[in-house]
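Order of writing sets the chain letters: A, B, C and D. Residues in each chain are counted from 1.
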């Protein structure tokens, strides 16, 4: 059978890719997606562990993570729409009103 | 090479490829599609681990709702190819090494870890959906209710944000 | 009751808190009820406690209620004690205090800040009781400072009047000087005996291991006692720190009666008597106490001669009477000192209250030169005040006679310079008689020197006269416990206090008979002196009033000197105040405050601004840079979790469990 | 050789099953179009297709040929990858969803490679959830098609369809929960079994023991919600706004021609079949006969239907004008007669055929209802659609869930 470590390494790779995307994408929506990617990576680890330890908590937690992700997506995309409406651009580097 | 391992590697390759593609693609829609690929392959991995319910939820919610929302928004805003600006020097300089370091860290942590759990093959009892629901509605009932509140608040927030202000 | 001694001080505190917090909204009678009621209850409790004390065969009581300060081997607990000395003080404080509360109801009836006044007064009662009940120096010091605070508050009660406010400040500051010494004394005691509990300290001190310190040797005891006495000087207005008491007359008259005559100012005497074991170890300390006391007595009496403000006269007389008490302590006649303390509490409180009644009758007039002939108008006040005057001047069979007599006798007995002390004491007695009767004659005798139409003299209400009468009775019979001593009987009072002072008394049984004859003679001399003073005052102020001014002119220098109180205030102003002002202006303010403190503060502020300027560039406003920072944070967290030796020596992925 | 076969029997059999299933589904799709056109025609009192082959029976073949042979232009400025991906996606997903549906209770009467062969490709124990998962992904085909066409009508269609599908998916899922509670399982097989054992109204073991009529709470509400939501999911009339001819030309597949268009077409019809299957399985007892098991003569219903119909077909063919008709129709008729007779004389086969027979008949009924609605109902307005979905359908299905749960508690199932 498949050792847990495979799953964990896979999830860490996905997480790292998510981090890279998080840093390097300029599009707000894509950055959101990279966050979702990281969440997914974590979920994978959760499920793998829950299976390895024969406990269900991991899967329960995955469910919660998914719920939170849904809520986050709803609000976040609302914000994205606002940004696009007000700044006529989805490039985060053009949304810099916080600049000193 | 046993069949499950084969399936695992196929799905893993799909997932990693999708993630890479998410980064490499310039157009948000393509990124979204590759992310969907990642999610579906993850669902396959869950099935492989016997977590059928989670797999289904993964596809229904992530694939069927969240990503649809993304695609919907992309279509709505008619988002074009992402322009390649480089205003943030910090990201330009420290970006790649930082990400690599973080990933390396995680990997190192895993290798560091004692392998009692890690080496264990995935031969735990397959979680019956019934047990899952029992757990969810017995032990985790309060978090569950709280998440419902969270969703409600998220809905309201999305409404308030997205509606055009009638001034 | 003895098990619940803490109730006695607690009651006035409660009254004070209630009145202070809520009294503002309440009508006067409720405020009265709270204030007087709490004081009376405390008085009743005190009586009950004393009854039980006697029932237990006068066994000293010492109760530890809870630990207050515990540091290393140092312990200052909330311990209350009760012995004969405490009994006397307790009776005086609660009893006289209660009477004065009643009196205040009438006196303050038309004043603003009614509830405030009574709140302060109750608070004072609380602290005073703590002072006399406390079983260690720390607790005593708490009461000590507390009464100081209350006296400050009450002197400055009419804080709209600048003079009152200044007087309050003066009292406070002068007391601080004394307290400085007192604290040093306490520290020295702790360093020497490793404790500040009376029991421990005195038990230590009475060990023969501690040698006696003869005259001129400055050992631990001498220094400690002198420091303590410094505090006592401050509190009890002795030379050179007496200056605050006359100004304290700015306060309402009941305050002067309670705090600046009956109770607080005697705290110094109480402390000296309480720590007599320490004092008796050192001749120097005793002698210093005696001399200071004697000097103060005489000095104040001389000033009192020419004062025209009725309360000022009484103030100086208080100072001089306190001097008597210290003289008694100094010559080792502690019981006599305490005896005088008690009687003085009676008649001086009475004097002040009566004076207050007079002022009340005159509608606030305090200058004796504008009084006169009041005897017919306000008979009760006149009678009671006359009684008190007779008592203070030592007319036989009045309270003051016995105590003053005992003091003079003990002074003469003193081996070191007894004669001088006695002479000055006697002279002081004469002067006392003179200025007291001068006060009486100027106030009540002769013809009116005020305008009938503006001032309509009226007798005070019974709430004021009642206490007067009671105090008059007390100051008449208050000394009769010592009556048998005149006829070779036992001296009940000193016997009663015997267990406390042990054989600190200088009177030894051997020369009992001779001593007794001598005592009678001395008594006669004292009475004679008093009568002389009386007669002179009578002649000068009733028979030949015009002579008084002539006399004043003829010895103009002395007169003005006395009138200006020997220029002591001016002296202090020149020697102490002005340099202090200069230092605090030019050094502390301009250099220390502006330069150092403000500089430091501003420096910190500017430094913060500079750092902010430097670090605000991280706030690029660019989301991607923020993303990088987020990742850095995650990086740090992971590093801590997995590679921190303490957090997880061998990090387990199994931490999921 | 045989060892290899035995070793990978499961794999091989699954492959074979898949191929057969694909063939069947595509054929059924083809003739479904024919069926639809006929029915709609008769509703509109027309003849419908009747030139190509007898009664236009060969029309689907002609259509197929046309789709294959037509020119397939790719519009300028489309996002090629997505443009090609979209139809594939929808078709693949639609076909996949069929794979989960079981078509009969028992395995084939004989073993193949030592394996029991069940009708139906696989039986997930989260079956229904899997189905929903697949249909949930179905939206991408349409949305992406609309977006990638780089044209405004398709974009509108895509937007509409994605919004509409997200909205109605909720209601659909919720309306099923009642059934799931009753059966306490996700597996379609278990759900059908549960309906078999459910106490029917007045003890009638049959039609009255199906979820729609029986169970702790008759799932009528649930069924209505599910059916409406399902129609919306499949973008059929009256919810066919994504492809509303009168408004958006042809909606999301305006820019698609020939075979790519055919893919969408097939996908749509396949999902129709799926939905019909689901309706009959979830609410109408799947392969269960509507009659009590005690009525043994009902076993012969297939024959009783096939034989007269076959006879009629033969008779009709004999008096048909064209040669082809004269040849084909009697052939079909005789085949029917033969099958009917075989069923009578082979009880084993007969009892095996019962389940599929009933299931197919129910599916046909629902397909007819589909077509019927298309023939009769007008189209919703978009805002009506949304408010209907969110303000009526979703609350009702939620209420259904709550009531059902209460009933289960109350009646102690």
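As a working rule, a residue touches a chain if its C-beta (ideal position, glycine included) is under 8 Å from a C-beta of that chain, and two chains touch if they have at least 3 such contacts.
In this text the structure is predicted, and so the values were computed from the model without any measurement.
Engineer: Which chain lies the greatest distance away from chain D when centres are computed from Cα atoms alone?
Structural biologist: Here the answer is chain C, farthest from chain D.
Engineer: Higher C-beta contact count, A-B or B-C?
Structural biologist: A-B is joined by more C-beta pairs in contact.
Engineer: Hey, which chain is the most central one here, using CA centres?
Structural biologist: Smallest offset from the overall C-alpha mean is found for A.
Engineer: What whole-Å value do you get for the distance between chain A and chain B if each is reduced to the mean of its CA atoms?
Structural biologist: Averaging C-alpha atoms per chain gives centres 6 Å apart.
Engineer: Need the CA-centroid distance for the pair chain A / chain D, whole Å please.
Structural biologist: Measuring from centre to centre gives 37 Å for this pair.
Engineer: With chain centres defined as C-alpha means, what is the inter-centre distance between chain B and chain C in Å?
Structural biologist: Spacing between the chain centres: roughly 81 Å.
Engineer: Roughly how far is chain A from chain C, going centre to centre by Cα mean, in whole Å?
Structural biologist: Centre separation, chain A to chain C: 77 Å.
Engineer: Which residues does chain B have that touch at least 2 chains other than itself?
Structural biologist: Correct list: 53, 57, 65, 69, 74, 76, 87-88, 91, 95, 98-99, 102, 106, 110, 117-118.
Engineer: Which residue numbers or ranges of chain D touch two or more of the other chains?
Structural biologist: Nothing qualifies.
Engineer: For chain A, what residues touch not just one other chain but two or more?
Structural biologist: 8, 19, 23-24, 26, 49, 53, 93, 96
Engineer: What are all the chain pairs that meet the touch criterion?
Structural biologist: Here the touching chain pairs work out to A-B, A-C, B-C, B-D.
Engineer: For chain B, which residues count as touching chain A in their complex?
Structural biologist: 2, 4-5, 8, 12, 15-16, 19-20, 22-23, 28, 31-32, 35, 38-39, 42, 45-46, 48-51, 53-54, 57-58, 61-62, 65-66, 69-70, 73-74, 76-77, 79, 82-88, 91, 95-96, 98-100, 102-103, 106-107, 110, 115, 117-125, 127, 131-132, 135-136, 140, 143, 147, 150-151, 153-155, 157-162
Engineer: Taking the touch rule as given, give the residues of chain C at its contact with chain B in the complex, in rising order.
Structural biologist: 620, 622-625, 627-628, 631-632, 634-635, 638-639, 641-642, 650-654, 656
Engineer: Touching residues of chain A toward chain C in the complex: what are they?
Structural biologist: Contacts found on chain A: 8, 19, 22-24, 26, 31, 49, 53, 58, 92-93, 95-100.
Engineer: Over in the complex, which chain D residues touch chain B? Could you list them?
Structural biologist: Going through chain D, the ones touching chain B are 79, 81-82, 85, 124-126, 129-130, 132-134, 136-137, 139-140, 143-144, 146-147, 155, 158-159, 162-163, 165-166, 169, 173, 184, 186.
Engineer: Across the complex, what residues on chain B touch chain C?
Structural biologist: Those residues of chain B that touch chain C are 87-88, 90-91, 94-95, 98-99, 101-102, 105-106, 108-110, 112-114, 116-118.
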